[in-house]
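Handing you this structure, nothing more for now.
Labels run A, B and C following the written order; every chain starts at residue 1.
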Amino acid sequence: MHTLQFQGRDITSIEDFTREEINYILKISKTMEPIAKKGSDMLKGKILANLFFEPSTRTRLSFEAAMLKLGGSTIGFGDVENTSVKKGENLADTVRTVENYADIIALRHPLEGAAKLAAEFSKVPVINAGSGSEEHPTQALLDLYTIEKEKKKIDGLKIALVGDLRYGRTVHSLAYGLSQYNIELTLISPDSLRMRREVLRKIQTKIPVTETQNLEKIIPQIDVLYVTRIQKERFPDQAEYAKVKGVYRIDLETLSNAKKDLIILHPLPRVDEIAAEVDSTPQARYFQQVWNGIVVRMALLALVLGSIK
Amino acid sequence: MHTLQFQGRDITSIEDFTREEINYILKISKTMEPIAKKGSDMLKGKILANLFFEPSTRTRLSFEAAMLKLGGSTIGFGDVENTSVKKGENLADTVRTVENYADIIALRHPLEGAAKLAAEFSKVPVINAGSGSEEHPTQALLDLYTIEKEKKKIDGLKIALVGDLRYGRTVHSLAYGLSQYNIELTLISPDSLRMRREVLRKIQTKIPVTETQNLEKIIPQIDVLYVTRIQKERFPDQAEYAKVKGVYRIDLETLSNAKKDLIILHPLPRVDEIAAEVDSTPQARYFQQVWNGIVVRMALLALVLGSIK
Amino acid sequence: MHTLQFQGRDITSIEDFTREEINYILKISKTMEPIAKKGSDMLKGKILANLFFEPSTRTRLSFEAAMLKLGGSTIGFGDVENTSVKKGENLADTVRTVENYADIIALRHPLEGAAKLAAEFSKVPVINAGSGSEEHPTQALLDLYTIEKEKKKIDGLKIALVGDLRYGRTVHSLAYGLSQYNIELTLISPDSLRMRREVLRKIQTKIPVTETQNLEKIIPQIDVLYVTRIQKERFPDQAEYAKVKGVYRIDLETLSNAKKDLIILHPLPRVDEIAAEVDSTPQARYFQQVWNGIVVRMALLALVLGSIK
């Protein structure tokens, strides 16, 4: 077994990782659980720059909390309104500026390819915190961590992704990640929101994939149901949005035919695709995912900054 | 005397505190004065999440400074524009997310009841940093601390609240707090901005309360004059605002009939309800209040997070 | 030689410094280079308040990074939208509030004179982080530091400032700073953007100054070329902006006649006044300036807060 190398590495796509590497990240994430509770000085003196060119509460605060819990500190911005970008600066220049301030950059950007471009120009490692409709690798890793933590395995599971599989970046990254494991994947969406063809083509070479519009029929066989919000802000045409909005809504009735040990995940925020009545069922795991996001991001920060070898 | 219990407690309303508890908070606040000057590691590793759904400089920075001076750190947001709320997330979900990132939450929200709702859903303690026109308990505590620090007592004082007693949340919380002491309260406001009936009814059972529109006549008897801004942004009808704007303005002439040891407080920001010429009088105490806000919030954070028993 | 005194001092204008003082700041900045790389606890427990009433990525993050690298922490705001200023608060009151939260204030403000006004009211030191079109002293200091670091001297150099010399605050501060040294200064700008008369008058009493519109002709003699963005947002008349936009653009052809050891500086952000092809030439030093900004600001913070005597 060769040594895994994370120090100084960019994390722009889940596709960059082998199964062995993903497993290693999940293993290190687990060791972060107690550290997340009591804090640490592992990254004392290190600075994370959060460059969020798109609105986010969850991911930005998660990265910040992860860095703080490791003893580091954070700088950055949460919207583009009050930045040099408004003065006409391009992303490459922003990155070549911020690399002087920080030891690592987390970047969220509305354009696909933004994280890769930033990584190309940056001397410090860049973590993709969401790029357009394309990728959200740290979300995929926390999803995988949640599945393994809750089901004690990933191999052998029947996993369904439901909702917006076209514009939702989390499902693209997750599908790539899952395709490293021996799972059966079901993709449930309205026709206009089917999984992007280029993602589908790649994952189909590795795992069995079924596409359907019928959630009800498929749910009795599923072990992990991954629900996504249909994101109004990503639709070029709002009439299209109106048509598919609310087409899948998980409530107690939906769950009546589900396995007892089904787990329901959601990258959050949710609007109404999961009814509030589901929150208190044993199947609901979407708020636990939030905690898992901290430990996974702690692992990534510690690995990339070289404090874990 | 039973033991006072603060660890893990939500602070959503000043009404939740007994007089004994308020006195204890003021006592701990006093012990924070030297710590506020030289810093401390009392809350090292702890994270405060500031969730400010409404504009604020003062309160947000005050909570941040308080946390930093205790060695902790802070995350959060200062406006709602760049948050998941824009994507349609409800407050309960925001709280169940953020409780994973932080050890304690300070919440400012435009809706009454928001802090109580958040506290209900949150596993970590919630401090109300201002909810609608309803309550602002940490401001009331720092007001009480200022009065006791400056006058060496609260009991026996003649205290007047002047300005907007209807929409101003600070005066509601302060009135509740003052009603725990043996004071005489005068409420001075235009008719349209009289103290809310439900507050008045409660405090009248405990202390003598006089309502008047005449500041001039009452001022010679007053020990503590608490001035508030008439808040344009809280008026449903701007014509109403125009009518009462500037009706009470404290200047040197106003003070010519006041007691020599009168103290003037104001929750700030002020616009023109206190003339700049008053700033250099010995009566002015409103900038000292800002400092007192730090030590009181330090006390609350340390108490609720259990580092002071 | 008398002792230089920085502790507790406001830094509102580069004009406040003697040549001896500037040299001392540059010397201390140099000692900050290793500390900027590995971090320090020099300012542990100290708080910097960044009050940015105007958009900025670079300067705000630079101050934050500088403070964090010295072990201190930061609070503040990056735009005026979500502050008490929106409620009508004046700058003096904001400062008299924030001085209670922080040990030092960095202020950016759209109005000239804002930093001086703030310093007058503040009990804690105020650093001008850019005031209107007037001054940007910390930028001038980092420019001087960059020149000395790259050329091993400042005296004897031929230095040209090109672009917007009227609205650009950085060139005003830099011109004052350079006038303390024995240099020859060339000012290159369109007629409508010539250096402000009051600046010109002052520096002409100290150093030889030439004004020209012809960059091409002058470039072979120049040692340091300081390029500035023509700032759309500062033009009262956008038709004026359209006329001068892009009039000076540095590309490989411009450089073909330049000295081999010319260095090109730019306060950033740039738009298109320096072509991307220049970035990889040995002359380009504008991204190194960003790093230098950190060490210079670390020096200033440490000096003003008295941790270096």
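Just a few scattered comments:
Here is the rule we go by: contacts are C-beta pairs under 8 Å (C-beta built on N, C-alpha and C of every residue); 3 or more make two chains touch, one makes a residue touch a chain.
What you are looking at is a predicted structure, and each value in this text was computed from that prediction instead of being measured.
Traced through touching neighbours, the fewest hops from subunit A to subunit C number 1.
Overlaying the C-alpha trace of subunit A on that of subunit B calls for a turn of 120°, given as a multiple of 5. Because subunit B and subunit C carry the same sequence, their contact can be compared by residue number, and under half of the numbers here are used by both. Inter-chain centre distance (subunit B to subunit C, centres taken as mean C-alpha positions): 40 Å. Residue positions 73 of subunit B are each in touch with at least two other chains.
By the touch criterion given at the top, residues 38-40, 52, 55-58, 61-62, 64-65, 68-69, 73, 78-79, 229, 231-233, 268-271, 287, 290-291, 293-294 of subunit C touch subunit A in their complex.
The part of subunit A that touches subunit C in the complex is made up of residues 44-47, 49, 73, 75-77, 81-89, 93-94, 96-98, 100-102.
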